[in-house]
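Down below are the structures I want you to see.
After this come two complexes, each holding chain A, first together with chain B and then together with chain C.
Let's turn to the complex of A and B:
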């Protein structure tokens, strides 16, 4: 080939964030250095933390894994460390820091250094709280190549509870992350593979926080299908073009400047717009995933029991693995009570998919919202649902329930008691603003 | 390594446009370090929340950093800077170093990168001591420059763990009951050595040649270099215009912050600050130039000499005792080889 046939490569791109040197980092070398974990589709049995760790390891863009242990997320870093320790020639490294705050700080520096690599960690509860100062910075940073896997566990140490409720993730709604809930090992694995596609999209550039319930999802085994690394890479490549903005290594740039109130709001508006753009892109990423791998991809929620058209008597809104118990008893309970009952298990927590939730719930005569985390008022999800329904000509009554706080069992009897509250509301009974349910009754 | 004169002609990455106080030692340190890092290697700075940060990275003011208008093929002139939170500059720098190493390891990055973390003494010794020591402990190949102005200057001159005893700060105000800061400074030099740094220095840019040489050496090391830079602060120390360098030299010579350079395996030495107090300038000379010690010393109208205020003699003696301890401690640290 004549050298004149080669289009001249721009050496330098000037972007609003500074100059970017095109050829300084050769990502293809990083890709080539990746040692695939799987070359063909493989079926294993794994717990949730292992599923998340394998997904993290299969991405060639993940080269450094910063971490700090905390129950119930610890097995994620242990699994990654075991792989790195037993794989000669892998370019991957584990980075053990002195605290979660340092992990989050480290991810800022690393993700800013190279915006085309993905930096992922896993944490829980007070570990996430300990990161807070920096997660708030990260959320606003434009560093969509950061992913914090949040293994849900009750926050607060008075009293200390190491089991899974989503109070940690719900306390971080305003950090600026895209928060996605997964239930089931397969969904955990698939979500970790898709989340950075959304976060690193040039219109979004927002870090992601996929999460799943501690113990109930993190520690229990189930069947899991693993995809070949090459197929994962090809899927992600469709969503992850090299970042158009300069990083610390391949650019002349300044991150994290300070501003006065006169300018601060402008930055915040841009941050909010990027976050909201995720609402448009998430279904597209999910659809592409489904086309590629034949399993449902990212979605706003899992919908069960909704007829094609028309109303349902009672809609249940919740999230996490306990929704599975509701799914199992829904049909029988509905038949027994002569009612139609449908449900939404929320998958996208932040930004909350208001419009999509409204379109579903406007078809319900009453809505039962099941919250699983301590809240100062009627429940985080309840407020989100109320906000989504706001403005409808007829707003269905919302029954607000709490169950499973601190990872407590949400038994069939508890579900039946909560559904019964929904039924009573439908029958015109006035219920208290919220009720806490446990072992089949309202406390 | 280039000579001092040659370094002075280098293109500093510290540019016009900062709003640091005129006479701030931090700008002298930035200017010198900025020149030293113009050595053909891509430079990345991380900086904690501090005067140095808010005065150089304020939007929409110009960013007071960068290396001018070098053409793109001169990647060695490329410069980037990042601020995250108050305490995180060392951790960020370590991360940048690791990413460049991992990319280099797989052949994805062929050009070298040098990484410098900059913190104030509040960022390094108070809120960020854990991060500072752990990054040193992990032997990260970075240079850390800690600007020690003995205050949280950015937030209004509050006490920091580097404050000289009896200094007046806004949270240890000198009053009739309490004569300013009653706490001895943290032994940060020793801590950095014990944590595992390969080079530890306390040196002011007022010692131009040695400062440049120490910085050059720091950047060339395989391990962590920690350079503490005593940084007279015109607004907080409250001295007159034009006295910054004089105070920096006097403070070093009288034993408040002696110049000290130590390398693992070789040991170190105190420079320009004799062990014997009688051979050093009197601390009163240093104290008398600053109004943060005005409750402690005054100028004798007749002789012009600085002396303890009436009733403050014991405090001054106490301070003199700490200064001697400080000098002897650094001499002793210099004896350590590793």
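Let's turn to the complex of A and C:
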């Protein structure tokens, strides 16, 4: 018998932070068992769900994929399952559970047991809502090796709508996850590869929730460049030190014991500090990714049209694929109206990069914020932007717009109507607190 | 009328395509395969995506495709396509597949009819390509599915692809879906047969205002509360989800209806017609299939007297049907 076939005997090691079973997970065996999907850089055609699934499969630390299908994220688990079923010898396994709550619960146990492996699933809308009881705990748990890919879809709602609307992810801003928005196939693929580097960093230990718009991104096909598995592994290894926390935990210690008010607040302060540490580390992970693969890595936002120095007349803040339509017409619209127009497509949603957003927007004479989910007030993004601008000596006027709710098309005419609102605000016109736009008109 | 050349559109700005069909009819596969075919040219950028709702098989769906020599940032729907496909003529009953296509554009239809008949019926100005895709599908795939043939017709309409490349690109998309080799071979045969079946012509039959995109006038007063109220919306005709070519049929010449009311309580659309009856309690007299019957089959399966059935009917072909 080959010596590698003999698993090391687990040793129970009682530490002040819990019971640790040394050597239960032999990482080197896990790494050796990984069958690379790609040994060299490859270009394919793929939709967003496939891009996210391939990234999930290429990570050797991902071995078990718990999931439950829900539109529009279903193709993620279909792709993973099809690969596993058709690849003899792969150590990867799919665990189809009875509902999303069970998926989240499963990830808690598995991720707590194997803190140096990554556990990833994908869900949408009410699927994420079903997980809520557990995601709130997960966000506080220190299980940075959990990643929930959120394919945006209007959340528990009347009437039912299966299209891309970020109301699901926005309803989970306080779950304690690092939420990153991706648009375009390449950004989706790259984000899934980088997110665990951030979440599993010893200073962060916070689960991640990369996301992208359902249908508009999840079902849209385009070119996609895939990196070799070995290069992905080497990149991730640079960021993933062995987890300092106990490796296998039993019973209720997975989420810690009940505490009194004497301690609860303290735990929350620590959780928030870990989350905010992501603000320092995210640019570093992104820069390393760009050095390694030659494409832009994680960033707080995609900045478009900003001059090196000086002001712009109008800055647009939004997120998701519809920002691309703005990018496409920005130059022509700005020329036609004799204005300078720049934009920010938000990438890091939580924690919101207030400082970085403020530094950009302080150079704008007016700010147009485009929200895409139902909100009780002026819009989720609008509130974040207003918070970011708070305290500036001169706060530019904020024009708050809604468009694309429920995944509605945001046409060129709609963008032009919204930009025109920004122009009118700049001209001194008083606008309503918010406006909803569709097909080139304000409703 | 100046004809718009798809190849020039790709080179100078972008070529936008839109397809209308029914869920389960292969529209998405045809567009995905065409996207793959385009990407065989390393200089081209492509964006392809579908639009559909939570409705089941048979519902109207759309597919979009953008091709350009420049990177594509625009993400909104295609509203002024240079090329439009009608995959299923039944889908064309509730949407104008040619909406927004500029004069000189290209039209591809899965139909038994000639390009001239279609140009006259739909009032088309531009190049019109037709192919009897369902017949070819039936012959080779034992299924009336026209995606293989319409894909070939679209490739021919764009031009510049070899037959071999066209076939293999489609097969490559099928392989991604893990289709068995026997079925792949049948598809190859259907593809090969399609090349010589495409008919085309150039016509200028659109009148002023035909196919103009509608103006959005707001949402109006939407119902509050139960979702069934949405049925009352004139634009939410669930009958459009029904299988093409079939309609619910009710026949009770001998008054066998026993008044059990199962059909009334099980119909999700509330379209069963009945009247009070002193002996039975209720007597079912039929069903209003005009707008909301989606052929779910509930009434057929619950009726103890087998009074309901699915019956084939000829699609109406009315010259005045085109909407503008």
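The rule is simple: the second predicted complex is superposed on the first by the 413 of 443 C-alpha atoms of A that agree within 3 Å, B and C clash if a C-alpha of one lies under 4 Å from a C-alpha of the other, contacts with A are read in each partner's own complex, and residues count from 1 in each chain.
The rule is simple: a contact is a pair of C-beta atoms (placed from the backbone, for glycine too) under 8 Å apart; a residue touches a chain by one contact, two chains touch by 3 or more.
Fair warning: this is a prediction, and the values are worked out from it, not measured in the lab.
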| item | value |
| --- | --- |
| Touched partner set for A:279, first chain B, second chain C, both or neither | neither |
| First, second, both or neither for A:134, with chain B first and chain C second | first |
| First, second, both or neither for A:108, with chain B first and chain C second | first |
| Which of chain B and chain C A:91 touches, first, second, both or neither | first |
| Partner chain(s) touched by A:230 [first = chain B, second = chain C, both, neither] | neither |
| Touched partner set for A:339, first chain B, second chain C, both or neither | neither |
| Partner touching more residues of chain A, whether chain B or chain C | B |
| Partner chain in contact with A:25 - chain B first, chain C second, else both or neither | first |
| Partner chain(s) touched by A:431 [first = chain B, second = chain C, both, neither] | neither |
| On chain A, the residue positions that both chain B and chain C contact, one per complex | none |
| List of chain A residues in touch with chain B within their complex | 11-12, 18-19, 21, 24-30, 32-33, 63-64, 66, 91, 93, 95, 97-99, 101-102, 105-110, 112-114, 117, 133-134, 137, 246-249, 251-259, 263 |
| Complex contact set, residues of chain A against chain C | 45, 47, 71, 82, 86, 158-162, 215-216, 219-223, 321-325, 327-329, 409-412, 414, 438-441, 443 |
| Chain C - residues contacting chain A, complex | 32, 35-36, 39, 45-51, 53-54, 72-77, 79, 178, 215-216, 218-219, 227, 230 |
| List of chain B residues in touch with chain A within their complex | 42, 44, 46, 53-54, 57-60, 63, 65-67, 72-73, 75, 78-85, 88, 91-96, 98-100, 102-103, 105-111, 113, 130-131, 134 |
